[in-house]
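Structures are listed in the sections that come next.
Next come two complexes, and both contain chain A; in the first it sits with chain B, in the second with chain C.
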Partner chain A sequence: MSQLIGTGHTRRRGLLQATAAIGGLQLASPFIIKARGETPVKIGFIDPITGSLSALAVTEVESAKWTVEQMNKNGGILGRPVELLIEDSANDTGTGVQKAHKLIERDNVDMILGDVNSGIAYAIMGVTAEKRVFHIVPGGHTDPITGKDCKWNTFRTCNTTAMDAAAMTKTLVSKFGKKWFFVTPDYAYGQTLQANFVRNLEALGGTWQGDMLPIANSDFSATLIKAKGYKPDVLLNLMGGSAQINCMKQFIQFGLNKQMALGGALYEIESVRSVPKEAQSGWFAMEWYWNQPSVPAVKKFVDAISPVLGGKMPTARHWMAYVSLHAARLAAEKAKSLDAVKMAHALEDLELPPEVSLMPGKVRYRAGDHQLMSDIYVGEMHPPGPGGADDLFTIGQTVTGEDAAGPAEATGCKIAWPA
Partner chain B sequence: MELVLFNLANGLIVGAFYVLMALGLSLIINLSNVVNFAHGNFLAIGGYLAFTLTPYIGFWGALLVSPLLTAVFGYFIEQVLIRHVYARNHIYSLLLTFGLGFILQDVCRFIWGPSPLPLGIPDILSLPITEELFFITWYRVFMVAVVIVAVSGLFAFLRFTRVGMRIRAGTLDLDTVSALGVNVAALRSYNFAVGSFLAGLAGVLAAGQIGLNPNMGDDLIMPSFIAIIVGGVGSLTGTLLGGLLIGVAAALTTVFYPAGAEAVIYVIMAIVLLIRPRGLLGEEGMLT
Partner chain C sequence: MNENFLSRHRQLLIVWALLLTVPFWLPMLGGYTALAGRVVVFALAAMSFNLLLGFTGIMSFGHAAYFGLGAYGCGLFMKFVTASTLLGVLAGTLVGGIAGTLFGLLLVRRRGVYFAMVTIAFGQVCFYIAYKWDEFTGGYDGLRGFARAPIDFGIFKLDIAASNNAFYYFVVAIFGLAVGLQALILKSPFGRTMLAIRENERRARFLGIPIEKHIWLAFSISCFFTALAGSLYALLNNFADPLGLNYIMSGNIVMITVMGGMRTFWGPLVGAVLFVALQDYVSSMTTNWMFFVGLTFVAVVLFFPRGLMGMLQKRAGT
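After this line comes the complex of A and B, so read on.
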């Protein structure tokens, strides 16, 4: 019996072995959505369905499933049905890369979409470029993806951090002042976003302090103690997902909303829904919003997808997956091929039709860096308004993608095509 | 200096929460030799149950009922799954509980959805205790008070009740306890239920502080393991010390090097393992 129980020594060893071994067991089984058809076009979709960014990822996946379903009803891609293979990167770079290899080498996908996590999206780019697979990043924002490390096969739908920072800086300075405190996640997205904000702020003569914290940080009290001591004009909460929500809650609980303004780059609807009313505030950028009366295609899209979402309004994450999948379809149809090189050439500077872009301006993945030049909505968060539970944002200003991004040459992107 | 003192106090509060998590985990490891990687998911179950119950019985009612329901759930899981791996190698319990964790996480996602949910707490608890000590809300004070009561209750349970004394004895020498006619299988079941109760209690408290999401247990499970390793496997007092130590260390690190706040607890674990591999208060098989 004593062997069954183990001594303190074996228990310790067992615990240590178990703690170490668990890191190697992070790969869950894939979740596959198959469409009917003989020779389907296979699209691999990698997102962190588990982990601190899961709410955003699940939204993208939800939209991808719906978009593929609609696409198949309308002839699929090149007349072939589309098969969506969804993989969970678990918010872990190694897992994401492994899933990309698996999708390409075992499942023979025609193209890859993903990831919400910038670091994982960036890492997957290396795999897709090496394997010459067409790749769209729907929602990973860090700059090098379409900047200095851009690839011929990779396109990005969401904004760069430079675009979001450029769109927000002047508004925050003019409304609140030039003394800022950053609460930033310590990974690719947060690092580039803060660096862009700092560069813009310092150019305007501003000063700042800030903390870079682990991506899934849950307790912000130590950082907020620092923020209060610094007495900034505005606190920029650059965290994402559940970490951003917790930071917002604690910001309100500590009464800091009475002492400083709140702002940042992104405060996504998925997060805003989950915070107390007092925290549904501040000035942020929205990459897409469901309430755009001047764009008829938006209402049509909202009316079509909303019943599938249980009556909720679609978010920017729904839009990112929708646009990315339709962009892939349009590229294949223009190229009349699923060849990655031909598709990539076809998508460059291709102006998306309004029913795909769902925006007022002209929207295209520009040839110079493969970044989508989409409009950015700068505005204010607020508790639910007369438009319903998701009436949480008022657009103050629309900044065009071209204005926010600057010239493609300035991003450092030099696209090298395969021989 | 003021900033350091503020963070020291804050670290003790966070550490107290780690203690609650780690004690339940420690109990199960000590008696049953099962490294329960699903412990964080029991925490999530407790929090979600509170979320569901709160509209009917209020926060205070949910605080009492949810941990009890989590304990019943834990008892059931032990009966159906866990007890079958006691006689096997560590790896079986590891794989079983690791897989169970995924299942419970998906169950939460299926029932309550992937998006974060808030657990409403009484308004009075949301306020800071003073303007000066703005970072200490009444909820945090309440959390610490609950942890003190729970830890005291646990130690009293282990010291003064028949089942508690048997658990302590079983930790030292289960063969002898079994030879004396104690139903070891039942003892392990009760112990697992007590561990699950503490996880459920931690879940309700965590939900009031950071809200709910299906992955919430994942973020809290590693500090619990580290608290046990640092404090010493087999020692509940050690777990108590370990939890407080890593809470304070993480908070103080945030003052000087915020990005290292997560890493510092692993560094402490590595140092303890190098210098004193059995942990700060670890004694072989001792429950103190």
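After this line comes the complex of A and C, so read on.
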């Protein structure tokens, strides 16, 4: 049963009875929007709550639950209450696709959000496009989701690897120099990220070396010795999750922090929290950060959600789920409908108000590729500062999404609308 | 003898009556047709694997390789050659089956744990190829860019792309053909020889049976059927991903077979129902769903070592 965990049996029983009553009819006409009155707006949320990406997924889900709760206090979507149905994709594509079918065919959800794992997000896109269900990918980074494989019904909230690389390159070159060493996870995300960095670096006349390592690598000694020999200006740690943490720890143990600077694309707060103080350093891009004194809406958001998180500060993953859900609400309200085509048209180029975007710039899902043009914060990691345990990052520069992403035509996306 | 035949017949009738009426009763139980498609695909994979484990007595821990190769074979063929569903299924079956047949040549002299370990190794080789060969297989993100297409039979068109029920019946029809063929193989003299090898390999050898050749053939047949299941899995998801080649998938196939009952023909189908239903329902209620799947597996192994189907048959027999 899909459900908000904990409200089990009543919903199931109700559903069983309803399904039994109209079972045959349902089969004959599998997907017809019925008059719904005050029935809730159902949002399906698929994320890898178990498996190696679970830390990030749990954060997104935590924020999604809170956001829906708040939304319901403020009138829901189109005046109707919102019901969130969470499903675990278990970091497995087949399971993710199965859950998408389950949410669409059985639970008749109005829209789908997910997944952190780009591969699963892709696969779910196939299902949602086929079934014509509005879909937002809050946190799967691989480029083709809003590039050559983009779909009319899919929008993405987190950045592309190309955006992160573009935002970081100039800063790293101007601060440290043009001789780089990459430590990169060997799969699509890492490969495209490194390729984007290399292209930008070579355009500026830089040189580089690097190692491609397995996604869950734990021993970095050979690579780090190689890096020591190469004497780069900066080492880019592009690994993710626990591999990134291990690489950081070994970087410190080898004493390399005294010989070269540290940088990369993403170093998410979830990871920074779990490394030793010395490894809380380097220059990275943050997709959202809780401490933005120039944006009053951010403080309001942080003050509201922080007590629910046990006093911790929200991370970029909290923001991704929050923005995605509110974007869906705004799209439905502008379209005055839950029809996927109308909602998708409505969301294109819709400028998100600051209390939704929580950013200083003009933030919108651009029409050309359905990618969110969010601001990117380039800055420095540091051990906890005076602002508390989560005061780990200082924003050096804010790059606008448009500057980082380049023109939509260059992404290879051609949106084909259904007839 | 006669009674035995009758009870078998009854079993067959029950299984097919249930399978063919899925779209009518499953939604009433809170299910959905795509779930049933998944059950049938996993059942076919496990039944094909069971030809080896249950009926020849050989343990392979790498059947995900042929399952995944079937999926990739089907997907790549439909993406790069032609978008015909039936030809895609054929291509997937051939890719996985031929790979298994060739690899079987290296395997047949190994027994027991060595056999299992070499099959794992081959499975992981396939996994890493699919994982690393980004331009061709889509790497870690998986292979996309193909979708099941309606099948034109001349007199009528089966729209398996738009209708879930049509696709389900398409899968069930192929499943029926495949398991029918498996039953015929098991009934043939060759099938009897497989049982003889399972029961006592040395005795079979002394009877003059070329053991290696038979095991090789059984392995090859099993791989062809597993690859067929894999290509159906690709169509079910419109996607193929490297995790389908991973040893975890091999483990799932073994688990389904053992839970259902490896000495019975329909056991793996029962196992697939249990496994997929547990995964689907429990995972929505708790994030610790794997614990319950594992617990069920342990309980089945401890209390019904012949699996659920084996237990049912035993009870019916006494």
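As a convention for this text, the second predicted complex is superposed on the first by the 381 of 419 C-alpha atoms of A that agree within 3 Å, B and C clash if a C-alpha of one lies under 4 Å from a C-alpha of the other, contacts with A are read in each partner's own complex, and residues count from 1 in each chain.
Operating definition for what follows: contacts are C-beta pairs under 8 Å (C-beta built on N, C-alpha and C of every residue); 3 or more make two chains touch, one makes a residue touch a chain.
Source: prediction; values computed, not measured.
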Which superposed partner A:Ala222 touches (first chain B, second chain C, both, neither): first
Most chain A residues touched (candidates chain B, chain C): B
Contacts of A:Arg106 with chain B and chain C, given as first, second, both or neither: second
Contacts of A:Asn153 with chain B and chain C, given as first, second, both or neither: neither
Touched partner set for A:Pro276, first chain B, second chain C, both or neither: first
Touching partner for A:Asp88 - first (chain B), second (chain C), both, neither: second
Contacts of A:Asp186 with chain B and chain C, given as first, second, both or neither: both
Which superposed partner A:Thr50 touches (first chain B, second chain C, both, neither): both
Intersection of chain A interface sets (partners chain B, chain C): 1-2, 5, 8, 12, 15-16, 19, 49-50, 186
Complex contacts: residues of chain B adjacent to chain A: 3, 6-7, 10-11, 14, 29-30, 33, 35, 37, 86-87, 90-91, 94-95, 98, 102, 105, 109, 114-118, 126-128, 131, 134-135, 137, 139, 173-175, 178, 210-211, 213-216, 218-220, 222, 225, 228-229, 233-234, 251, 254-255, 258-259, 261-262, 273, 277-279, 282-286
Residue ranges of chain C touching chain A (in the complex, touch as defined): 23-24, 27-35, 38, 131-132, 134, 138-142, 144-145, 147, 161, 163-165, 233, 236-239, 241, 243-244, 279-281, 283-287, 289-290
Contact set on chain A toward chain C in their complex: 1-3, 5, 8, 12, 15-16, 19-20, 23-24, 26-27, 30, 49-50, 86-88, 90, 92-95, 97-98, 101-102, 105-106, 118-119, 122-123, 126-127, 130, 142, 144, 149, 186-189, 191, 215
Complex contacts: residues of chain A adjacent to chain B: 1-2, 4-9, 11-12, 14-19, 21-22, 25, 28, 49-52, 54-55, 58, 186, 211-214, 216-219, 221-226, 228-229, 241-242, 245-246, 249, 253-256, 270-271, 273-276
